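The two complexes that follow have chain A in common; it is paired with chain B in the first and with chain C in the second.
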Partner chain A sequence: MTTYIVAVGSYYEPVGDELPPLKKLVQETVGSNIRRVGRFIQLALIGGGRASSQLSNEAAVYLTSGSGDVEATVGVLNTIYRQAEPPRPLSFINTVSNAACFYIAQSLQLNGASSFVSSRYFTVETSLRVALLALEQGQQKAALVGAVDSVVLPIEEHRQRLRINAQTDVAEGSHWFQLVADASDRTVLATLDAVQHFTDREALSAWLAELPVEADDCLALGQSIESDEADHWLVETGLPPFNFREAPAYFKSLAGLVFCEFVRRGAGRLIYLNRDPVGRYMAVVISC
Partner chain B sequence: MNNVLSLTQLKQALKLMIIEECDKDVEIDDILDDEILFDGALELDSLDALQICMAVKSNYGVRIEGGPDARKALQSITTLAQTIIEHRV
Partner chain C sequence: MNVTRPRHQAVFLGAGIHSSLGNGVEANLAALKTAPQAPTLLNNTVTDEALQIPYKLLFESPLTELQHRLYRVIDDVAEQALSDAGLSESERRNMSLYLGSSSFDIGVSEADYQRQLAGESESCKALALLDPSMANLADYLVGSLGIRGEDVSFNTACTASANALLTAVAHVEAGLIDHALVVGVELYNDVTALGFYSLDLLTRSVMRPFDSARDGLVLGEGVSALVIGRDPNDGRRRFHLRGGANLCDTYSITMSNVDGSAIAEVMTRALANAGVSAAELDVIKVHGTASLANDEAESVGMHAVFSSLPRVCALKPFIGHTLGACGLNELILFYRAIEAGFLIATPGISADAGDLNVVLNQRLSSVESGCFMLNYFGFGGNNTSLIISNQVSHYGEDES
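Presenting the complex of A and B:
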């Protein structure tokens, strides 16, 4: 069974000492003013809205994030512990991980299931896998899959939370994919061929050895793969790296940006690999 | 500082508080003193009501209980201001 990518939507913006306002962008994207939401939900609405062309109102929503809605969480914790007051109801409600899904479903008038998919090291990969399984097993006919990460100022504290050094540029990102099981009436941008999990390096090597290589294949490597290991995979696969832009600024769901850029390029096949600290791997294959 | 607010000043402060707490894109002058706050043009809902009650407690030290008392207090800016004045210690 084939799963088709029929739309992508993205927002990517490197951030300095100030955050660009998003309210107007949200209004332009979803067609109405959405109140009582913070940046995380605003980013979700912008990315999700941009990928919602011809979206079925039965579509399921799968949202993931590397860090979650840190702004809402920090705000509520500050109120409780620094101000010694109970949190405001609207702030508290938005700390629920699925709050962004609610606003997306409401704004895009979706009636399908919505899930926040949490995975510490394979954020985008896992959300795509869950959506792919649901489509392949016939549980869903369409899915809106997205990954969102926001920045919470001050920037130094944000870097500390991400455990990155002071020289690393950071960005906000919201990257979304509209997947369908039946693309007979749609323009297909790409196919999501595989989202595979591997228990160790040998299992991944064995799988790659069986994968027929084509002339226009390219390789992308996840954020957790260090440069030494990256060289290893480039040599082992013999594939050229997918170079889509000069050193993108850091955010945890960077894989979403990689996939969106590849689909927009519109040619070839992307083989993407990532690992976690334990040594487990995931691979994603997208063909245009 | 809140103790020395005149009724007019209190009403203005309450309008600003509602705009900020409920994230409404309106100006202070758009909210009339006796305008119905809920099921009216402002389109506030039950979550907004809870938010306003918490803000009143935090800013003015007045606890608005649920049920009939809350419905009475949250009818309009005027009733909200009267509730605060009556219960403020």
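Presenting the complex of A and C:
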């Protein structure tokens, strides 16, 4: 069966010493002001809301993040250890990552399944894989799949927390995809053809060798692939790289931005590869 | 590239657990035949010298060296399940990992932050939550067990490991993998302990779900693991997930809608997914947090689905509320107890219908085979209902 991408929604903003305000964007996107929520949930509402056109109220929500709601968790840790006070109830509740799923479901009036899923090096890939299989198996008919990463100031601490160097530009991102199993009454932007896991490089190479190459294919490589290995895959596949903008600023779920930009471009097929430090790989294939 | 894969029956091949009752399935089953015990009152001096938080801590595992303790316990419990399942080295290498938790390794981050704060100076500021990821714990297990399959971490509050199980079974049944290791983890941490203290949901006595005298929950530690794989068809009758459902209730982020409608809906969907009627169900394992409103919502939901309730049992009086791990902890204790020949009983707790009209099983009794519903309802309105069975099935025919 085919899984269709019928809407994408994104928010991407490089961050300096100040954080761009989000309240107005949330209100514009979901039509109401959601009170007492932090930046992570606001970002989720903006990205999710932008991908929610004609969304079925039975759609499942799959949210992922590279770092999770750092602001909420750091806030609670500081309340406990710096102020020596128990956390406020709602602050504690918002440390649970699926709090963002709740606010999305409530704002978009959804009552389907809802999950926060994650994998350290394959954040976006894993959420898409879980959603794709649920659609392929008929467990879900529609899904809103998104990846959110926020910045917690000061910016130097944010870089230190993420263990990136002081020169690296950082960004916030919220990138979402509306997937459906039946697109008969929808405008199709793309198809999500495959989200595959590979135990090692040889398994990926074998799979790529069987993949029929088309003239307008292009290759994108994930954040964990070093430049030497990137060259290897460009040579092995013979595909041109997908260049969508000058080097984007860093956030952990950058793959979400890559996929959204490719779908927006609206032509060709994207083959995306990523790896983790132990040498496992994942591939995502999207056709427009 | 989208392929139609053959569907395979996935069964429970092996289990491991370390809870407040004991370490290992057999130790836990032995303790389940005795009466539930009151919790330990744990001194938490971080915010108040006199604060005591009721807790069911892991059996014979002192709260010291938290990172080492966490890794030692999950390694041990995973090994219990893998040995029980008899997986070969190759099968272990290729299996995928599905981990559910509410707190993952936050206790490790807390200890690190406290260490930094103790040495904080003008030139060296302490920084909370270094290298954050919900999947750090799964990443540890991938390395520790040499897993080359995929890993997926679930954080959906009290339904986390139940949702991990749903996805794991789906992946095995779809033929994507031969084996899945599902892990539920919940260990002591200050954020959870003080968070629940702030919510004023805790009792110092034994939890009494659905009882007219219920007065709150006890937090519990628990780590469990379950190996899922294709049925080896060796003549042994094995438990399997026959169906399930997960839905989001948007009534409130902290409590279920007391009209029971969202809970009734997820149970109804689970029954439909499993292809069984309410009348065919033999036992319900309740979520049963012993809080006033949530037990009321669960009761109303059950009565909306079942014209008369089948036998009902509860696990939390024994092990406390193990939050994100309760999905797997309670499933393993429930199904292994039935395999061992008894249905869990909580004598004296909800012994009569009371204000919620729910009677919990009062004495150890046998159940040989049947269909069983296990319910879990969490913060964020995340509701999951599982239907498990040990009835012989011919997958693709009577249980497809």
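As a convention for this text, the second predicted complex is superposed on the first by the 288 of 288 C-alpha atoms of A that agree within 3 Å, B and C clash if a C-alpha of one lies under 4 Å from a C-alpha of the other, contacts with A are read in each partner's own complex, and residues count from 1 in each chain.
Keep this in mind: a residue touches a chain if its C-beta (ideal position, glycine included) is under 8 Å from a C-beta of that chain, and two chains touch if they have at least 3 such contacts.
The structure displayed is predicted, hence computed values, not measured ones.
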| message | Between chain B and chain C, whom does A:N98 touch in the aligned arrangement: first, second, both, or neither? | response | second
| Touching A:N111, do we find chain B (first), chain C (second), both, or neither? | second
| request: Could you let me know whether more residues of chain A are touched by chain B or by chain C? | output: C
| request: Identify the partner contact of A:R88: answer first if only chain B is touched, second if only chain C is, both if each is, neither if none is. | output: both
| query | Is A:S205 touching the first partner chain B, the second partner chain C, both, or neither of them? | reply | neither
| task | Could you say whether A:S56 touches chain B, chain C, both of them, or neither, answering first, second, both or neither? | result | neither
| query | Between chain B (first) and chain C (second), which, if any, makes contact with A:S224: first, second, both or neither? | reply | neither
| task | Based on the superposed arrangement, let me know which partner A:N33 touches: chain B (first), chain C (second), both, or neither? | result | first
| Which residues form the common part of the chain A surface touched by chain B and by chain C? | 85-86, 88-90, 93
| In their complex, what parts of chain A are in touch with chain B? | 33, 35-37, 85-86, 88-90, 93
| note | Residue set of chain C touching chain A in the complex reads 1-2, 4, 46-47, 93-94, 96, 102, 106, 109-110, 113-114, 117, 125, 127-136, 138-139, 142-143, 148-157, 163, 167, 170-171, 173-174, 176, 190-191, 194-199, 245-250, 253-254, 262, 265, 378-382
| remark: As the complex stands, chain B meets chain A at residues 21-25, 47, 50-51, 54-55, 58
| request: Enumerate the contact residues on chain A facing chain C in the complex. | output: 1-3, 61, 65-68, 70, 73-74, 76-78, 80-82, 84-90, 92-93, 95-99, 101-103, 105-106, 109-123, 126, 129-130, 133-134, 136-137, 139, 157, 160-163, 193-194, 197, 199-200, 252, 278, 280, 282, 285
